[in-house]
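To start, I am sharing the structure in question, which I have written as structure tokens.
Order of writing sets the chain letters: A, B, C and D. Residues in each chain are counted from 1.
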């Protein structure tokens, strides 16, 4: 069995210079942004990627139909050029698998003409964030000015740090192939799925790619999440007051 | 060394359109059904499958003879057609091994002419079940009506979920080969080996395959297990009364 | 890098029908027996086996010289025939490695003409044993009578059980190659290195192979170990009496 | 994907008979020495080694640029001969990876003409050491006298022991290739990064290689570390006196 199996759903001669990766990670920020774009742009699924480095199970959908664990490539066409999206529910099971999968993603990307990858993710800070910054890293120095002009911050660079999994390796292994890599990380607590952080990230990404979409549904999810958090905080405060009055 | 070694015990030109898998899993429901069928039908062992993804030991039988850990294929012939059974005491040691073994099972299945796989298992619900349903999943939509007509339920589909290991991957990887896959899961607590759940599953499977066998020994084991559970419950209640009278 | 590297220290045309394996295991019983035989017979080292499935370190000897972790084959010549010994300080790191190493041992064995393997080990019973039995398993039924005639017991067979690691796999994988396999397991507590159990095992092995050696050094080590155990028991009893007199 | 990828930054015909390895380990002693030498000698980076046996992430530098996890080879030229240094922030993720990486390091070494490897590390003793010895091991007996003449001690050999990871395997696997291997281990507590131990080690290494460098910055770091330890000890003693006066 191959380590990674790619099933292309259609042949395509269209040049696809850009790949946007939004696999699961901290706060699911990257995944929220990529899936929002796919939904708003009505992007089309063009490939399925399965691998023995994914968990060994199938997912049962609401009709009782099984689906092998996979990641997927979607395609959005505009002005005779395609933008690709890499999304899915899983990353690799193992350290070796992360490398093997990232090389496969880059193989597909090269085959489809990709010359730049946007790797989207979250940047966990351990507390709720009122105005999430979009922290950034690039795999070639000349990319930095462009990211800053679009509103990406490099304030994280001072504290070093590392980027784990597909996002990191797409930049690290992509560099050796001459593929530009820009990693955008929405600031997030790390405790919740964070559509507010995704909303911030999407704004920066739109300025970089020129792809504008409606933010309404993402902002609605962000508002819903704010309400949930407010309710929890209120309940905890009420409980605190109760305990105080009980003691008093 | 090969990852998987298949030792065919006889050559065979017989077409075998159906494979029934009953490897170990929740409540050993699938295993109980497959082994009951093999026993009642006097099915014949036709292949042994060993693998470095199985645990590294041999089993000593009651005569002091060692047997390498393996899975086995049995064959039952009827009207010039064969039905195959995949059984054994182990699944893979590792996530990667699950994929590698499932692909091997499908290689053997294709070679023997299999066009449909029944993957049998348990569906753990965390409490004792009076009338176990047979929950289901299929890898192609057109199979659903047939399963429902035979008494399989798709009520589990509403809650999503996943199917882990050989049963899941036979459906997921089988789909790409055009092999129909039907997973039948007997509802079970998940705490005990469950012949009652197996009895229910066997009824649905018989309607689907047309293979009828005597259920007596399975029902006897179910009755024995009910008695064991009743004894335990009685003992616990007696203990509870004793503690109450001690307190009182 | 190869999974397993075999370095033959000399070329040899001598037929070697028998391999005796004594790798580390319960009570180090097999290791004690094999090393005692190598020492008494002045057997000669003929091959070194290293592998990436062994732990990743070197051992520093008393002269400060490093030695790569390996297993070794020794050879003892008698009447124009050789008996081989497989010994070493390690078994595999991983389940897969156990299979890969066992197949390599069998490759070497076949190349050197081996037609029978004696796999030596311990059989842990959880308590000190006055007269350790030599429990047995064979990979072909016709071998059983011969083992029983030499004093090997098959009483363990009643309780099933399994044989893990190199000893088990040499029998299990050897069978498929037509190599006879006899596993002899000295009964042992499992808590201590057990030369007394090794002494019993050696007697049975000598009857089977016709290779007789002096047992003195093994019996001396057994006597030393008995003394150590007696001292510990006495100290604990003395402590018990003291505590009682203190209470009284 | 290859297990190990080596990217040579320049072609070179220069003979490089010596490789000095200083990868991370106990007290980071080897790493401190190798990096100090690279810095003082202004050695030049000549190769980068990446591998799927390293952790799956990239490191973000102070400019926000990502760098794939790798190990590096530096080169220092003197009198028409080169000395190589192997440094980096990581060793392998797995036991198998340690072997695969060490063989790759030796492949590179052989290709560049290396005939001797110095593997540098720490020797943990569990307590602070006033005058750290440089404990040693060699992979060929004839090397011992030379190491002792340079001030290396073999007192550790009496207690056996083992050398884990790259340092150990470079000696163990190097021996089979005829590459001399000398392991120098600075005595260290094992609790702190230990520049004092590194300073001792560097003296012995300089006598062996003839490469002399200024020790000032290493000794300054050692003095700083001594001061930190003294401050901690003083604070703990003060706390102890306080607790005593409180009790009194």
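As a working rule, a contact is a pair of C-beta atoms (placed from the backbone, for glycine too) under 8 Å apart; a residue touches a chain by one contact, two chains touch by 3 or more.
Predicted, not measured: the structure shown is a model, and the values here were computed from it.
Asker: By the touch rule set out at the top, what is the minimum number of steps from chain A to chain C?
Answerer: 2
Asker: Taking all residue numbers at the chain B to chain C contact, is the shared part over half or under half, that is, same or different?
Answerer: different
Asker: Can you name the chain that lies farthest from chain B, using the mean of each chain's Cα atoms as its centre?
Answerer: Chain centre farthest from chain B's centre: D.
Asker: From the mean C-alpha coordinate of chain B to that of chain D, what's the distance rounded to whole Å?
Answerer: Once rounded, the distance between the two centres reads 54 Å.
Asker: Distance-wise, how many Å sit between the C-alpha centres of chain A and chain D, to the nearest whole number?
Answerer: The computed centroid separation for chain A versus chain D comes out at 39 Å.
Asker: Which residues does chain A have that touch at least 2 chains other than itself?
Answerer: In chain A, no residue touches two or more other chains.
Asker: Which word fits how the chains touch one another: line, ring, star, complete or other?
Answerer: ring
Asker: Of all possible chain pairs, which ones touch?
Answerer: A-B, A-D, B-C, C-D
Asker: Going by the contact rule set out above, which residues of chain D touch chain C in the complex?
Answerer: Residue positions touching the partner: 92, 95-96, 98-100, 102-103, 136-141, 144, 154, 156-158, 160-165, 168-169, 171-173, 175-176, 181, 183.
Asker: Taking the complex as given, what residues does chain C use to touch chain D?
Answerer: Touching chain D from chain C are residues 1, 7, 50, 52-53, 55-69, 93-94.
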